[in-house]
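Report on the following structure.
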């Protein structure tokens, strides 16, 4: 009697079992690890024609300031090899309009809403955070530390550990009720130093990375392409750099990480998790593939199922390093 | 309501070495489209180039299941696009943007009545791509559009057959004099603006390079003639979230503001744009 | 009597006049501004099947150490979006074999030969520089400051201004006869600080940038792709970052610059010149297009001719910045 | 001496959904090619992917003006390559690498003489691509090559017709038993190595996935049979300058060293490789 062997039961069961995509990121509990990144998802409702917000782990709003800002003069963007530069100049509706017009529209959106916050001075950060603290329907705030400090000659908050401690500590006190994500700038010699300062000052979660400083030149015009001269580089081009920074911070600092930088597929996202992220944000991909974020969630689940990973959160920080190399070698 | 679809290339014609007319299958998108709207079109797979390209909806051919795009190869992205064979699938998002504000349907008997403005479509170079759909729609609304079309040289006057097939009258100008009048398209427009308004005068629909739109918009504002400009701008997303595509506008009241060309536009009243 | 107007004589003459591609870069005089970058051009002779070395402005050898090094275990490279990671581990034949076997073969190559130098300690840099000083057929040395200092816990020389001053000063004294190019690492908060230290210590020329620290993950294996874990990112992906750094150093420091990072075409190269480079190096492009460097020289000349640029050196630093923005704005 | 040429695609056949045979016009390159050498082939224009792909020279068809490459779609690069239509031009650099060390031409009368080893070509999966050129060359040298070909499943046994057309004897193995013997290619090889050497015994030429080459190389070294491995490795440049492609080798004397697969290889004696 010949018959085909059935697959061993355990494997069969494993392949059918639903994958648990939920992740805990410090105080935040997310349905799945995929959030849309600040500045690439508007105030959320812009994407309603393309996806269900409830299918996302969450999203982060465009950066909010105390008052509305119209931003930089155009041209504000420029495409580069596998990336893009932007110098939007942090245009936004301001925190009041956000609370009055944008947030109420998200009341039943079914996902985690995080407000991205910036200021040109410590007090501006504090003003925005204080207004947001306790707002109904808001699940957390993310501090954008890439903003230049106009009181300190324009140096970005995020490159100076004392400034980081100052602004993070002040915001922590101003918005005690909200999970506090501190978003690090990559334009620094050692990002772990910034991460440590954020932790000391009370961050619940770290998110990294923001854009890399870059420039494009209009050769015939002998001019910068961007009216602002300098812009921030994002997109697949920066993925290896961002992945390294996530790895480094994960090895050095004991805080949950939301990783980002060039993620365009579920595989990219899962690589960030293996390198130490508890969740990820997707930014530039939303521009060239507006349904990418939710498709990524589905692809993530499919990948986990075929690989026998039952809880996606089990992947975080599972990178196996060569023996004797806890932080990775350093000379390339 | 826009749709993001993997659209199949049904036809892809080279009108001349630089200009192409591509026909893409996208029924829901085609049905929703209005003149002056655009799509964000993937030019090939992968991350080079990273971003989709904004392209006007040139025509919705009869049947309403396809859209046509008329484009010029100006850089790598459009060059890659031109290599796409029939049968390929390209992601296409649209229809996007506000589209032209259209006149009301003219009841047959009043088509030439006083108070009905004659639509003048003013095209510069590949800016003409936005007009076949508009012209056909205006005809259906009982109007008699006239196309003024200026370009560098004869070979840049692409897509004329799309207008001739619908018997839309056209006047041409080229900078090098190789076809039509020698000079800019404003040479064709100025006499029309000076003419004593008959039958309600004219209204302008304009698309072309920025200096041309600036000039035409200025003439229209000075002449007190309604004028809609179809603006271009760098558009990473096309859906209003990146804030990259803004143009400086001077609203009737208040400070100049930056408006998103992809969402508040791409069609703006000439009087509003404060370049 | 109708006749076509002849083009004005001056334009006609300009279009026919040969373009002068020669550039002076501090003490170096180059036939044209295109050099091949260290680590991407072997010891020069490897490219003889593909191009005439004499058609290049010059080239830089693979980095040399006091003794031969076999480098890191494979895998050593990984492709990324518009870029690649490498962790070669500075494999090289050693300075002695270079002087005995490689350099003599270049005696009549007709172009400028620059030796790239590194060490794991200050003394190793000095040893190599001293051996090279006065070598016949060698036109300069380039110090690779991206190398980790094994005496200081593996921190790269190039991120510490005191270490930069120390090693550059020592090499300056050890090789007084050779033009000294100091090659900066981009993995630093403000590259102008490193540039300043190099200048103070006696650099003749700055070259920038070296590769950016990055990583790739093998998702299924939960392993780093590179055996070395970390690698250096190069290629078109980094071009906007490198261009910005050249711009920044050019505005801040008064030393000639050799710019590089992702250059793949004559337009790219000329953009680096407009941003402040006196010459450029081309690296990764040599891998995927081995004749790119010399074709670039031809394309550069053609571009200059059609644009009426008679001396390519006139382009250096011609970037026109918006009024009131000497260093460029900083908040993207 | 290698050449870098913009080679025109003359034919591009899908042997099955995953395997393709592409014929490229490149006369000088074709004339210079020897079995076991490879090319660096651009898969499409632009920077995605950035690097060219190393591909064995599968055959130099009669006429000597073209090269054929047999490849499998395993990732984005090979997938883009598979979309290249006839007529496209792809940059191709080659011939590169050392190629197989070939036996001397056997004078007719001595072809089966004692002391002449029979060439056994051991292929795993797409590793077979390096063997048609080698097999034809060995035939021309008066040898009688035998192909042992193992793969995952029937559909992975690509390119058999290239051997059958030359009447090269072949034995097959598949892991799932869907064609030939069930199991690894070593199952075909082991009995041959155990056979009492007739007519000088055998010599091995091996190309396949690393674990397979490791296994076959080990068997050969143990049996004292000459064995050349055609290695694979990540190859950014293919011309010996990036030092990215190295493999650990244990030379007869001295410390293990890293050798460049692209330049000192891709063909290495099995005894030298110290994985």
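As written, the chains take the letters A, B, C and D, and residue 1 is the first residue of each chain.
Rule of thumb we're sticking to: a residue touches a chain if its C-beta (ideal position, glycine included) is under 8 Å from a C-beta of that chain, and two chains touch if they have at least 3 such contacts.
Keep in mind that this is a model prediction, so the values were computed, not measured.
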Overlap of the chain A and chain D neighbour lists contains B, C
Chain centres from averaged Cα atoms put chain A and chain B apart, in whole Å, by 37
Distance in whole angstrom between the CA centres of chain A and chain C is 33
Chain centres from averaged Cα atoms put chain B and chain D apart, in whole Å, by 55
Two or more other chains are touched by the chain D residues 47-48
Among chain A residues, those touching two or more other chains are 81-83, 86, 88, 235-236
Among line, ring, star, complete and other, the chain contact graph is complete
The residues of chain D that touch chain B in their complex are 45-48, 76, 80, 85
The chain A residues in contact with chain B across the complex are 39-42, 46-47, 49-50, 62, 70-71, 73-79, 81-84, 86, 88, 91, 235-236, 264, 284, 286-291
Within the complex, chain C is touched by chain D residues 1-2, 4, 42, 47-52, 91, 93, 233-234, 236-237, 239-248, 257-258
Touching chain C in the complex, chain A uses residues 72, 80-83, 85-90, 146-148, 154, 156, 159, 187-189, 211-217, 219-224, 227-233, 235-241, 243-244, 247, 262, 267, 270-271, 274-275, 307, 315, 318-322, 325, 328-332
So, in the complex, the side of chain D touching chain A is made of residues 47-48
